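Comments concern the structure below.
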Amino acid sequence: MPTLLLALGVLLAGAAGTLALAAVPRWGARVGVGGAIAGCALGLVAAVRVLLGTPAAPLHLAWSVPYGAFALALDPLSAFFLVPIFALSGLAALYGAEYLGGRGDVRATVSWLFFDVLVASMAAVVVARNAVLFLVAWEVMALASFFLVTLDDEDERVRRAGWTYLVATHLGSAFVLVLLLLLGGGGSLDFDRVAPAAGPGLLVALGLVGFGAKAGLVPLHVWLPEAHPAAPSHVSAVMSGVMIKTGVYALLRTLTLVGPVPGWTGPLLVCLGAGSGVLGAVFALAQRDVKRMLAYSSVENVGIVVLGLGLGLVGRAAGAPGLAALGVAGALLHVLNHALFKGLLFLGAGAVVHATGTRDMERLGGLYRRMPTVGAATLVGAASLAALPPLGGFASELLLALGAAEAAASLAPAAAVPALVALGALAVIGALGAAGVARTFGVVFLGTPRTPAAGHAHEPGLAMRLPLVLLAAACAGLGLAAPWLLAALAPVVTPLAGLDAAPALAPAAATLRAVAVVEAVLLALVAGAAGARRALLARRTVAVAPVWGCGWAAPTARMQYGATSFAEPLLRTFRTLLVVRRRIAAPGGPFPAAASFGTEAPDPYRLRVWDPAFRGVRRGLARLRWLQHGEVQLYVLYIAATLVVLLAWTVGRP
Amino acid sequence: MIAALLLPVVAAGVLAFFVRADALRRVLLVGAAGAHAAATAATWLAEPAPVWGGWLALDALGRLFLSITSALFLAAAAYAVGYLRREGEGARRDFEEGLLFDNAPEAAFTGCLLLFVAAMTLVTLAQRFGLLWVALEATTLASAPLIYFHRHHRSLEATWKYLLICSVGIALALLGNFFLGVAATTGRTTLPLLVPDLRAAGPMLHVPWLKTAFLLFLVGYGTKVGLAPLHTWLPDAHSEAPSVVSALLSGALLNCALLGVLRAEQVCAAAGLAPFGRELLVGFGLLSMAAAAVFIPGQTDYKRMLAYSSVEHMGIVAFGLGLGGVAATGALLHAVNHSLGKAMMFLVAGNILARYRSKATGDVRGLLRVLPASGVLWVAGFLAITGSPPFGPFLSELTILRAALDQGRIALAVGFVASLVVVFVGMATSVLGMAQGSAEGARGGREPWLGIAPAAALGAVVLGLGVWVPSTLWTALEAAARLVG
Amino acid sequence: MTAPRFVPPLLALACGPGLVAIVARTKARMAGRVGPPLAQPYRDLVKLFRKGAVYGATTTWLFRAGPIVGFATAAVAAALVPFGGLAAPLAFPGDLLLLAYVLALGRFFAVLAALDTGSSFEGMGASREASLAVFTEPALVLALVALARLGGTLSLSAMLAGVGPAAWAAAAPALALLVAALLVVFLAENGRLPVDDPTTHLELTMIHEVMVLDHGGPDLALVGWGAAVRLWTFGALLVGLAVPVRTGDPWVDAAAALGGMVALGVLTGLVESSMARLRLRHVPQLLLGAAVLSVLALFLVLR
Amino acid sequence: MNAPLDAILVGILLTGFLLLGSSRLVSCIRTVALQGMLLGFLTLAAAERDAVGRAAVLTVASTAVKGFVFPWLLVRVLRGAQVRREIEPLVGYGASLLVGLGVLGLSLWLGTRLPRPDPPLSTLLVPVALFTMLVGLVLIVTRRKALTQVLGYLVMENGIYAFGAGLVQEQPILVELGILLDVLVAVFVMGIAIFHINRQFDHIDTDRMAALRDWTR
């Protein structure tokens, strides 16, 4: 705990330093970055130490605000969430130092103030044990990230994204506020002294809305595809990788606090998760903007996490330790994995944007040959996102599928049906996700450059490459180390699954070991086949020739199969879920001028649910504004009427 | 000691009408403000003795509102010096319609400003209902010329509405005085209408008359507080008055008027009618918040937006006081937070107005680039006033909401939160639209420190109250809340 | 007496091309031709392995990795699926899920390799391959889970070992549905009619073949061999289910299964020569139908 | 019962109706002045034996202010504004009279609802006071000219004053005078305002002063 406090202190000091040195941008930025990296390193130490089994004493200091107290605790759950927060944020800071380094203006410098505050507040959210402290950290986190999102507010789209984000997060916070105040009935608002003043059903519902909005559950996800692309890439990485996970954390914490949750919670979570997963994956397929696609894939992955939690609750309700433990463990592991590969992918996308100046897939291509490190790292991340063995994403999804399959194969229908839903959803999500990342990676990094900008792309500097490589290594490592990680996860899982997780997870660990064997065989075969081919080709001629141009007289790079065309078959199948706007300028006339075709996929929920709702409210309010019509006589009449009514109401009553 | 509070301001006010030199008059203004602040600070150290047979005394409630007024007056005075320097004599062009107009003579402005503050001070001191009424009516009359500082037709219209509506309301309060007198009459003898005496004699008061009296006070003074639907004058006056005046109106005057209602509630509580008054306060509070939620979204004039937000926050305060208990303490804390925050925003609005020459939200763009300091303060003020951590209003609103939920009044809590959210969205749209964006059109430039420092100081206090509520303040608020009963 | 566990994968590697040959032979016969000899696929492989290679100028190592990973994943899949009564060497509880993931890995690299060429031709094939997987995977997984519920185990080897006459007698309708579902998956996954036409190279009609257009020499050999192994593996799955000969003597069971494989080859040939290829936009319906069959089977076994 | 008191009250009542019915502003001003004087006498009539001195002072003061200062002031304003009569008010005169009757009924009802204070000076007092007050409100609401609204405010204030004079003897003279002073200043300020309005708008129709609003048709 002292180490953690020190880390927070360092972060805040970095923020203060940045503010103090804002006048000298270069140094201000350095202080901010330094504070972020040092603080994250310290915090990582503190968190890992707890996960390795040395408990940290909780802290409870008086705080002179109503109901407030500096109540901090670092239990395994908090520590587990701290690990990705600090790890990814630190790397993102290093990356951002170069990413923003080009522009030495004051705003870029001040952004480091917000970055440090954001990291500190995320950590505070996770360790806070007092409602007021939690709310303050929660809101500060939202505000800091808002200011980071709107860093480039000359751009009208960025402004709109910022507005959407601020409004969405504030709406969520309203629910959170009510939830926490209801949670802490009685005198204190400390989490260890909760006395719920309402039924668990209501509390869970409030939590689902409030924290689901932060986590990006469909249909509360609309802010996510707006805000994450708008932010600078290292910020997008932090927001998408870890910040939305604080929503998951808070949901978990709530579930542990409200007491026995109603039976429908588990199945509901499974359905919500499945919905978010599938829809997120489909929406991701429809995007042309790389970062927007990644944002939607975050929606998808949060869906997987929530689905896992739902499985855990279902198992808990059905008294099936295996399912309960596997669901929660898989969810948690996926939180970690997603933090790593999504962070990695956003950083990679950032490198691409940095090098080419565009986020539009249709203007990229062939980047692998120009930025091999970025390409290779991104490929690892993409494969992990696609849940391909032997990477991390695969391990966590396999655990979930395993739990679900066991439940489906052995449990009573009440538990088996949700499990089957989860299983089917996982299969669809997996295939969709694989198609999505294959599309994105292939179109962006493979083939030939579609524009000169993409052709002149260059590898970024070390400060941007190093985080990519480290994250890629972590993605692979998590996959290979999964069996042992599972054991380390047991203490985190135990309180959530409501049982001793270690034995419940043992068979899964065995399975993972068997899987590791298979993976070893696979790698051996790959190596063997590669060796064999090398041997065979050693004595043959190996020529390099242009690819056959499909019979075109003069094939251009734009004729390659692009992102839109790649996704077309799937989008046609899922068109009912989507809104795809086509902009077609067909060639016409005897001498057709330039023709063009483009698609964009605005968020259907925003289009069909939220915008109309907001418009409706605005109209309704506007209709009431005649009350302020400007005629003083009637204003006085209001007074008279009020008086008469009140008189009649009090004096008139016998 | 009480004399020390009143006399300097009054004297300076009278004097200001006759002083020729602008510089000297401005010194006089700031000096009076300083003296007032010093005297107010002294009252925290030593309880001032009641004077004039207990007509003037400073209880916890009065001291709270006095302190708010004094602090705001100090900030406003400092700001006014820079403001008056910017303004100045002669005809100028009205940037909304291009008409020529000139300002009221500065002497009259300064004098009325000082007398206005004096009247408000008197309100916080008055223990006698009649005197309270006289003082409150005096605030109306002293502030009317301030609103008509810019002599064009819009400010004139605003002034007229302010005068007429508030006078009518105040007249009702006068009737309330008489009803109270009747309620306090037994046989041929009537109790002196002093708050302490009436509280002491609470149970003997004549209930139906007392109830009616309270209604009249509520509607009468409530008109001046700006409780919906009696708030109609407020947006006009606040938007047309010079920003420094708007700051005082919104931050100090509304609270003083509220004090009038609270005095009545004190008596009701003593007579065992506390629930009656409280329910009414809760109702008006929620109604005011709803009204703000109606008018703030899509508001095209940022000073009107601030004015409606004042309606909302007086509603919040009334709501909390109505709930009673911890909520009342929270409400008083909220009164402090709101006054400081809103005053700060009005001062900043003055800077914006001076640079962009427009009150239309749509005309202001790229504030953060054109006026960095004002822009930051503007955004910070918006966050503070809409109850976002780490600013004070968040804590006070949280306290109030908590109490509502503890009392199991879920419907009220939902309404409370809902209107807060709507107001937030509405203000966010306007404020962000102004703060963000590129700065084409308006050119940047250095900002006068006299325009920034007072607002920044107020903002710093609001921020401070958001991370640390001094225990002395809290106990003082609790004492005041206990007085309300 | 138990058979050595490495028999199934070896069988797949050895006989996979043979199965391809049987299908081709059947089709030829149906068309009234003599058709290629059964050894033809083997000859092709040998010939290709002897050739040199030509790589596209734009390609990266991913293009070269495609065939290798494809082949390796197919081989591993073959090592996960039992043959008749013969348990698979890498069998473990939960391997049915791993099977799906491993195949996905191979598909992923095939798609990337196709996109690596930058040829719109191969991009088209990649797109279709990736798209159809969205429908085959759930169908496959759900069918296997239904089996798992029947057999009460998550290991393919164990559950298929349990599918004997008794099981058929107990749950014939469910098993029949599963056989139908798996047959569709078998055809789709291996690029057979009515989903894909392995014989033409006409871009409008095909999926799998077009992806490998730029591969040549040993790479093409690996692709072809891998495809054959995949075909055999899925066939083994199907046959293990449809031919419930569980005498306890592994060799007898294996012999029965071999017979089943031949029959499956013939059947595939018959299907291919009797059906026209579906229009691409109708393929998802077919595959969804397979998924629905699996779900129906599940409801039958859930009771 | 107190006969002179009732007489005065009835007189006040009549002035109320007179105001509702008349269109000429000058006569309105006169009527209000008359009402003010009646109030002065009301104070005297309602005073107890021991408080005659106090009552006398108040009578003199209020009569002076309400009977003479106000009319003089308002007539001057009227001259400045050059308006003679309230042309087509928002609610016509006949209707206003009907409204007046309704208001009378309401105040009588309220009077019955409110239990008498222990010494029932006159059953008419409370209703008449309320009536006058409400008439003032009606004038403000239904008339256009700013001047009429000032009159309305005065009438309202008169009603309240009548109430106080009749029922509350305790109010210290200082407060009474303070109140009177406030009203005086108020009317004075309003007069100035009207002067400016006239100069700015060339009319004093307040219903045409509606530039400040949040709603446009």
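To keep things simple, chains are lettered A, B, C and D as they appear, and every chain counts its residues starting from 1.
The criterion applied here is as follows: a contact is a pair of C-beta atoms (placed from the backbone, for glycine too) under 8 Å apart; a residue touches a chain by one contact, two chains touch by 3 or more.
Quantities reported herein were computed from a predicted structural model and do not represent experimental measurements.
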Remark   = Without chain A present, chains still joined through touching come out as B, D | C
Note = Most remote chain w.r.t. Chain D, using mean C-alpha positions, is C
Task = Find the two chains joined by the most C-beta pairs in contact, please.
result = A-C
Key: Centre distance in Å when chain C and chain D are each reduced to the mean of their C-alpha atoms   = 100
Inquiry  = Could you work out how far the Cα centre of chain B sits from that of chain D, in whole Å?
reply    = 30
Cα-centroid distance, chain A relative to chain D, in whole angstrom = 69
Ask   = Could you state the distance in Å from the CA-based centre of chain A to that of chain C?
value = 36
Request  = Return the residues of chain C touching two or more other chains; collapse runs of consecutive numbers into ranges.
outcome  = none
Query = Residue numbers in chain D touching 2 or more other chains?
reply = 113-114, 137, 140, 149, 206, 209-212, 214
Task = Would you mind listing the residues of chain B that make contact with two or more other chains?
result = 160-161, 164, 168, 208, 212, 235, 295
Listing of all chain pairs that touch each other, if any do = A-B, A-C, A-D, B-D
Remark   = The residues of chain A that touch chain D in their complex are 625-634, 636-637, 639-640, 644, 647, 651-652
Key: chain B residues within the chain A interface of the complex   = 160-161, 164-165, 168-169, 172, 208, 211-212, 215-216, 218-219, 223, 229-230, 232-233, 235, 276, 280, 291, 293-295, 297-298, 326, 330, 333, 368, 383, 388-390, 394-395, 398-399, 401-402, 405-406, 408, 413, 417, 420-422, 424-425, 428-429, 432-433, 436-438, 467-471, 474
Request  = Would you tell me which residues of chain D are touching chain A in their complex?
outcome  = 90, 106, 110, 113-114, 134, 137, 140-144, 149, 206-207, 209-215
Query = Can you list the chain A residues touching chain C in their complex?
reply = 365-366, 368-369, 375, 379, 383, 386-389, 394, 398, 401-402, 405-406, 408-410, 413, 416-417, 420, 423-424, 427-428, 430-432, 434-435, 438-439, 441-443, 446-448, 507, 510-511, 514-515, 517-518, 521-522, 525-526, 529-530, 532-533, 536-537, 540-550, 557, 559-562, 565-570, 572-573
Task = Within their complex, state which residues of chain B touch chain D.
result = 128, 130-131, 133-134, 137-138, 140-141, 144-145, 148, 151-154, 156-161, 163-164, 167-168, 171, 174-175, 177-178, 181-182, 184-193, 206, 208-209, 212, 235-236, 239-240, 295, 299, 304
